[in-house]
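Naming follows writing order (A, B, C and D), and every chain is counted from residue 1.
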Amino acid sequence: MNSTLLLSIWLLPLLLATLARLRHAHWLLPLATLPALLAVAILPVGTTVSLPWLLLGSELGLDETGRTFLGFSSLLWLIAAVYIAGSQHAITESGRFRVFFLLAMAGNLGLIVAQDMVSFYFGFTLMGLSAYGLIAPASSRRARRAARTYLAWTIAGELLLFTAIIFLAAISGGALTFDALQSIPRSPFTVLLLIAGFGIKLALPLLHWWLPPTYAVTPVAAVAVFSGVMIKAGLLGLLRFLPPGDATPPDWGLLLVLIGTATIFFGVVAGLLQKRPRLLLGYSSISKMGVLTSGFGAALAFPSAAPGIVAALLVYASHHALAKTALFLGLGLIECSGRRISLLIGLGFLAFVLAGAPLTSGALAKAALSDSLSQPAPVLVTLLTVSTLATMLLMVRFMFLLWTRRQRRILPLPGVPLLAWLYLVTLILVLPFLVSGIDRLMINVVPVSLGLLLGLGGMLVGSRRSRANVPSGHFDL
Amino acid sequence: MLTAHWLYGISGCLLLALGLRTALLHDMLLQRLIGINVMGAGVFLVLITVAYRGPGIAPDPVLHALVLTGIVVAVSATALALALARRLTAEQDDG
Amino acid sequence: MAETLIWLIAMPMAGAVATLLLPRQSTPIACVTAVAASLVAGTLLYAVSEQGSLSYEIGGWSAGLGIALRADGLSALLLMMTALVMLASSVYAGTYFTKAAARARFWPLWLLLWTSLNALLLSGDLFNLYVTLELLGLSAVALASFGGKFAAVQAALRYLLLGLLGSMMFLAGVSLIYAGYGTLDLATLTLAVEPEPVAWTALALMSAGLLLKTALFPLHFWLPPAHASASAPVSAVLSALVVKVAFYLLVRLWMDVFADLVTPAAAGLLGVMGAAAILWGSWQALRTERLKLLAAWSTVAQLGYLFLFFPVLLALPPGPARDTAFGGLVILALTHGLAKAGLFLAIGIIQQRSGHDRINELNGTAQRLPATTFAIALAGVALIGLPPSGAFLGKWQLLAGSFASGQWLWILVTIAGSLLAAAYIFRVLGHAFGNQSYPRHSVTIAREEWPALILTTLAVAGLGLAGAPVWNLLESGA
Amino acid sequence: MNFDATLPLLVLASSLLPGLVIFFLREESHRLRTLLNLAGAGAKVILVGIMIWGVFHQHTYLTRWTLAPGLELVLHADTLSVLFVSLSTVLWLVTTVYAIGYLEKSPHRSRFFGFFSLCVSATIGLALAGNLFTFVIFYELLTLATYPLIAHRGTPEALRSARIYLRYTLGGGAVLLTGAVWLHVIAGPNAFIEGGVLSQLPDEYHGQLKAIFLLLMIGLGVKAALVPLHGWLPEAMVAPAPVSALLHAVAVVKAGAFGIVRVVYDVYGVQFTSELGLLAMLGVAAAITIVYGSFKALSQDNLKKRLAYSTVSQVSYIALGTAILGPIGTIGGIVHLVHQGIMKITLFFAAGNYAETLGIHNVSEMNGVGQRMPATTLAFSIAALGMIGIPPIAGFISKWYLGLGAVEAGMAGWVLPVLIISSVLNAAYFLPVLYRAWFCRPAPAWPAEHIPAARYETAGALLWPPVITAGLALAAGLFAAAPYSPLEWADLIAQREYQL
C-alpha cells in the first residue's frame, strides 16, 4: 500500500503524460498531484520502501524534510496545474506543454521521495530536462535562445552532479541510499562538485546566467513553478547529499555562508535595476536562495545546531515557495487581463509577506531562522534583518513597476485561475496563524518599515529622474 | 680414353644442348620444333649409350623401351604441332 | 580392392575408345563413363582410408619391365579430386558444346586426358610417369586447341612446344637416374638415392621440366594465354588438374624420393619463386580486363602458395608437425582444384550468355545469373583463403609453419597475396552486383549452373568443414 | 550426441538453414519467405531461452568438430556468449519484422534475406565461438555475409561503400588471422577460458605476446571502428536501413567489440593484460575514438551519417570498459554491449522510417516530424536520450558503471573527463535533432511522402520494431537491478571472470 502510494507519486504524472496530448486533457494536470497530496496527508513520517528491482536498487521514503518539501511542492504544482487548466494561454493550451509540465512534476515530486542517489538523480534530471519544454522554445527566437541557455546550464549541472554521485558511490563501496551515506566523509572535490551542481539550480551568482532569460520568456504559470518549487530542489539536494555532521567538513559551511551572503545582496541589487516585474521577482528568488544557502552553510558549520537550523530552513523554504508562486500567478493575472486595483491589493499583500512583514508567513519564517541561528551565529541574524530591509525595498520597487506599468486593454479575468490564486493568497494569509501564536509573528516591524520608507523615498526621487536603464533579461555587473 | 661409348654420350649431350638452345632462342615455329626434335635425339642417344652393357651382352631392355616410347611420343607430338601450325596458317590466311 | 587401380585407368580409356567408335552416342557414353569412373575413385578413396596404400601389378609382371600401379593417401585424394572435377565438367560440357559433331570429337580426347591423369597419379615408376606425362601433355594440347579460335590454337601450340621441352628435360633426368642407380621404380629409388652429383643433376633436370609444366614463376608465361583461350570445361581441367599433377610429381620427388638431397637453399629457391608467383600472378589478375585471364593469372598465383610450403616443410622437424603442415599443402591444392574448375565453368556461362568476359561490363550479372555469381563468389572465397574454405585451413597451416620456423617473409607474402586475391575477386563481384533487371528464378539452366555451384561448394564447405579426413588419409595411406 | 552438445549447433542452424533455403526461393514467394524467416527467428528465441536458463544453472553446452589436426571448431555457451547471443537473437527477430516491412515490393528479396540470415548466423557463431580459431572463422564469414547486404542496392554509391567496407574488414581480418596463427603457434589452441590462460607462459614470450595483442586489436579494431580504423562505418550507411540497424547494433561493430572483450578477458586475462601494460593502450585508443566520433557526429547533416559517427563513439565504450581493470568497469563495458545495441537499433529503425515514410534523410529536413510521426519520434527520442546517458534509460546504467569502475580503478582522472565530454557532445548532436522534431514547425511538404498520413503514421511492420526496442532500452535501464536484466547478467559475467 505504502509502496504503491510512493511509487504513484512518480508514476501517475508519468502515465498521465502519455495522455496529455489528447484534446481535452487539461484536467489531468491537477489530477497528477493527488498521490503526492495523499502521501503528505496519510503516510507516516519515516515510511520507506525498498524497490531492489528499480534502477540500480531504489529506495523511496518520506522523512521529515521530504514531507515538508512534498507538502508545499505538491500543493503548488496543484495550484499551478489548476491555474493552467483554467487559463486560455496559447502556449499552455498546447498538448506539448502539458506533457512537459507533467514530466517536470513527476521529476520534482519524485526526487523528493527518493531516498537513494540514483533515484534522486533520475528525478532531478527528469525535472531539469522537462522544464526545457515549459520555456516553450518554439514561441520565439528569444525563447529559443533562452531555452538553449537553460538547457546547457542544466546539463552542465547534471553532469557535475553525476560525477559527484559516482565519487560518492565509490567511497561508499556501492551503497546508494542517503542513509548509508550519512556519516561517510565527502572528499573536498566531491563537495565542490555538489555545490556547483546544485548551485546552478539555486542560481547562485555566476551560476545564474540561465535564470533571467528563462524567466523573461516562459509562460508565467511555468515561471511560478520554476521560481517557487523547482528551484528548491537545489536546497533539497544540498540537504540530502551534504548532511551536516561527520559527512561534510565544517569549513565548507563557512564558504557557503559567504556565498549565500553574496547571493542575498547580489539578488537585491540586480533586482532593483530591473524594469520588468518578472525579472525583479526572479532576482528576488536568487536573493532568497542566498538566505537558504547561508542558513545551510551555518548548519554545516555548526553541526550541533544543525537540526534546528534545518527545521527553520524548511519553514523558510515553504514560506518562500508559497509567496513567490502566488506573486508570479498574480503577476500572470495582470499580464493577461490588465492592471486592476483588486489584483494590486493582493500583490501588495504578497509583497509584504515576501519581505517578512509582521503577522505574515514571512515573519514566521524569519523568526524561526533567527531563533535557530541566534545561538551559533548571531551575526547571521543581523544579516537576515538587513536582508529583510533589502527585500522590502525590492518589493516597493516591484509594486512601483506594476503601478507604472503601461496599461493595455482590460480583459475579463479568467475565473478558474483567479480562484486558484485567491485560494493560494488566502492560504498564505491564514497559514501563519494556524501554526504559530500572534506574538511570534510580531517581528520585523523596524526593518520592514524602514525598507518601505526608503523605498517610497527612493521612488519619489527616482520618478523625477530618469532611471538606470538596464536591458531586461540581462544584468551586467 | 675416348671410347665409342663416350663419343655417343658426349655427342648426345651436345645435341641436347644444341636443340635446347634452338628451341629457346628461335622465334620461328618450325625452327623450334626441329630444335626440340634434335634435343630429343640427343636424349635418346644418351639413353642408348647408357643402355649399352658391353659387347655380347644384351642391352638394357628398360632403356630401349624408354627410347622407343620417346620416339613415338616425339613423332606424334611433332605431328600434332604441325597440324596445329597448319590450322594457324590457314586461319591467318582466312583472316 | 587393388583391382580398382586398374579400373581407374581402364574405364576412361574404354570410354574414350567407345566414344570414338560410336560418335552418335558419345555424350551418353561419356556421361556414364564419368559417373562410373567417379564411383571407382570414391571406392578407391574408401579402400585407401581403410587399408592403407594399395598396389597392383598389371598382368602379374613385376616392376622393372611390368607396369606397377600404386595408390597412397595423396594419390587417392588427387584421384578423387580429378574424378569430381572431370565429372562436373563432363556434365557441363554436355550442354556447353551445342553442336553434336563438336561433342563427338571432344569426348575421346577428354576421356583420354582423364585416362592419362589417372595413370600418372597411379604410376609408381619414372618410366610410366614419363609416358603418362607425355600422354597428358598431348591430350591437353589437343583439347586446348579444340574448337578454338586463332588465339587458342596459337596458345596451344606454344603450350605444346614448352610441354615437349619439359618432357625432354624430364626424360634426360630419368636417363641419368637409370644410369646412376639402375632402377626407375620410385620405391626402390627412395632407398638407393645418395646425395651425389648424378642425383643432383637428375633431380635438377626433372624439376626444371616439371616446373615448366606447373608454370612456376618465371616459367609461367605460357599458362595465362593457354588457359584463358581454351573452351570453358577445358580451361577448368587444365587449371585445376593438369598443372596440379605436374606439381604432384614434384612433391613426390622432393618430399619422398629425393628427400635426402633437398637442401634448405633449394627449397628456399622454390619458396622465393613461389612468392614471386603469388605477387606477380595476383597483380596481373588484378590488372587484367578479361575474366578468363583473371582466372588464369590467379592459377599462377595459387600455384605459388603450394611452393611456399617447400621451405616451410623442410624447416619443420619430421613428425607430426611436418605431417600437419603437409596436410595443409594437400588441402590447399585440392581446394584450388575444385574452386578453380568451378570458377572457369561459371565464367564459361557468363561468357556464353553475355558474349564476352570483359570485367568492366559485367554489371547486373548477379541479377541475371545469381547461381553462377554465387559460384564465382564461393570460388573467390576459396581463392582468397577465407573460412570456411579448405584453403583457409591450408593457409592457416602455412602461416603456422612459417611462424614456427621463424620464416617471416612467407607470412607477409601469404597475407599480401590473400589481400590481392580479395581485391581481384571483389572487383568482379562488385561489378556483378551492379543494378539491372532481375530474374524470376535463382537457378536458370540447372545443368549448366549446377556443376560450378557444386564444385565451389565442395571447395568451400566440403573441404573446409569436413577437411579433417584429409589428414587422416595422408596418415593412414602413407 | 546428447542435447547439451547439440544445442549450440541448433542455435546456429536456426538462422543458417532458413537462410540457405531462402536463397533458392522464387522472388514472389513472399509468404513462404516470411514464414521461414519468422519461424527461424522464433525457434532461435526459444532455443536461446533454454540456453540462458542452462548457463545460469552451470550447464555446459559444447559442440566440437575437428577441422584439422589441432584446429577444432568449438561452439560453447558461457555467460558472455549467452549475453551476445540473446542480444542478437532478440534484435534479429525485431529487425526481420522491420526488414519485411521495409523491403516490401523491392527487388532481390530472396538474396537479401538469405544473406541477412547468414549475417546473423555468423554473429551467433562468433558469439558461441569457444576458441580463437572458431572466432576467426566466423569473423571472416561475417565480413562475407555483410558485403552483399551493403552492396544490395547496386547503385554506384552502394558498390563504392561496399568496396571500402571490404577493404577495411578484409585487411583487418588478415591482421587478425596473423595474430591468431601466431598465438596458436606459441600457446596452442586458444580456448576461451574465463580469466585467460596466457599468464602461465614463461617471461621470454612477453614481447611476442605484446606484438600479438597489437595485431589482434588492430584486426578487431577495424570492425569495432576504433579510430583510425573506423573509415568504413560512416560509408556503410548507404545500406538499407535494416542492414544499418543490424550492422551498427548487432553484427559487425559488435563483433569487433565482442572480440576485444573476449581476447582481453578470456585469452590474455585482464590481470595479465594489465601487467603487460596493454590495457592502458586499449583505453587510450578507446578514449580517442569516443571523443573523435562524437566530434565528427556534430557536423553531419545526414541523419544516418550522424548516427554512424555516434556508433563509432559509442561502441568504444565497450572497449573502454574492458580497459578499466576491476569488475565494475567490466560490467560497464559488457552491459553496454547490449545497451548500445538496443538503443542504436532504435535510432536506425526510426531513421529508416523517416526515409521510407517521408523521404527524410537529413537532420535539416526533420522539422516538426514529431507531429507527423509521434511514435517513431518518441522511440527515437528515448534512444537518443539514452545515448546521452539520461536516466533511467539504458545508457545511463552503462555510464554509471564505467564511471564508478574508473574511480575504483584509480583511472578517474582521464576516464571521467572522457565520459563527460562525450555526454556533452552526445547532447550537442542529439538534442538539436529532438528540438527540430518536436518543437519546430513542419515545412509545407515533406521531401517525398510515400505513405499518406492516414490513421497510422507508417506501416505497422516499420512502426512496431522501434517502439519495441525503445521500450527495451527504457526497461533495461529502469529495471536494471531486476533478475535476468542485462546488468545482472553482466554482473554474473564479471563475477565469473574475476572469480569472485
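In this text, a residue touches a chain if its C-beta (ideal position, glycine included) is under 8 Å from a C-beta of that chain, and two chains touch if they have at least 3 such contacts.
Just so we're clear, the structure is a prediction, and the values are computed from it rather than from any experiment.
**Student:** Could you tell me which chain lies farthest from subunit D when each chain's centre is the average position of its Cα atoms?
**Tutor:** B
**Student:** Any idea whether C-D or A-D has more C-beta pairs in contact?
**Tutor:** Top pair by contacting C-beta pairs is C-D.
**Student:** What whole-Å value do you get for the distance between subunit A and subunit C if each is reduced to the mean of its CA atoms?
**Tutor:** From the centre of subunit A to the centre of subunit C is 86 Å.
**Student:** Could you put a whole-Å number on the gap between the CA centroids of subunit C and subunit D?
**Tutor:** Roughly 42 Å separates the two chain centres.
**Student:** Measuring from the mean C-alpha position of subunit A to the mean C-alpha position of subunit B, what distance in angstrom results?
**Tutor:** Centre separation, subunit A to subunit B: 111 Å.
**Student:** Return the distance between the CA-based centres of subunit A and subunit D, expressed in whole Å.
**Tutor:** Measuring from centre to centre gives 44 Å for this pair.
**Student:** What is the complete set of touching chain pairs?
**Tutor:** Applying the touch rule to all chain pairs gives A-D, B-C, C-D.
**Student:** Using the touch definition up top, name the residues of subunit C that touch subunit B in the complex.
**Tutor:** Its residues touching subunit B are 64-65, 127, 130-131, 134, 137-138, 141-142, 145, 149-150, 153-154, 156-157, 160-161, 164-165, 167-168, 171-172, 174-175, 178-179, 184.
**Student:** Quick check on the complex: what are the subunit C residues that touch subunit D?
**Tutor:** Interface residues on the subunit C side: 320, 323-324, 327-328, 331, 364, 366-367, 370, 374, 381, 384, 386-388, 392-393, 396-397, 399-400, 403-404, 411, 415, 418-419, 422, 426, 429-430, 433-436, 438-443, 464-465, 467-468, 471.
**Student:** What residues of subunit D sit close enough to touch subunit C in their complex?
**Tutor:** 23-27, 65-71, 73, 107-108, 110-111, 133, 136-138, 140-141, 143-144, 147-148, 151-156, 159, 162-163, 166, 170-171, 173-174, 177-178, 181-182, 184-185
**Student:** Within the complex, which stretch of subunit D touches subunit A?
**Tutor:** 374, 385, 389-392, 397, 399-400, 403-404, 407-408, 412, 416, 420, 423-424, 427, 431, 435, 438-441, 477-483, 487
**Student:** Sort out for me which residues of subunit B touch subunit C in the complex.
**Tutor:** The touching residues are 16, 19-20, 23-24, 29, 32-33, 36, 39-40, 43, 46-47, 50, 60-63, 65-66, 69-70, 73-74, 76-77, 80-81, 84-85, 87-88, 91-92, 95.
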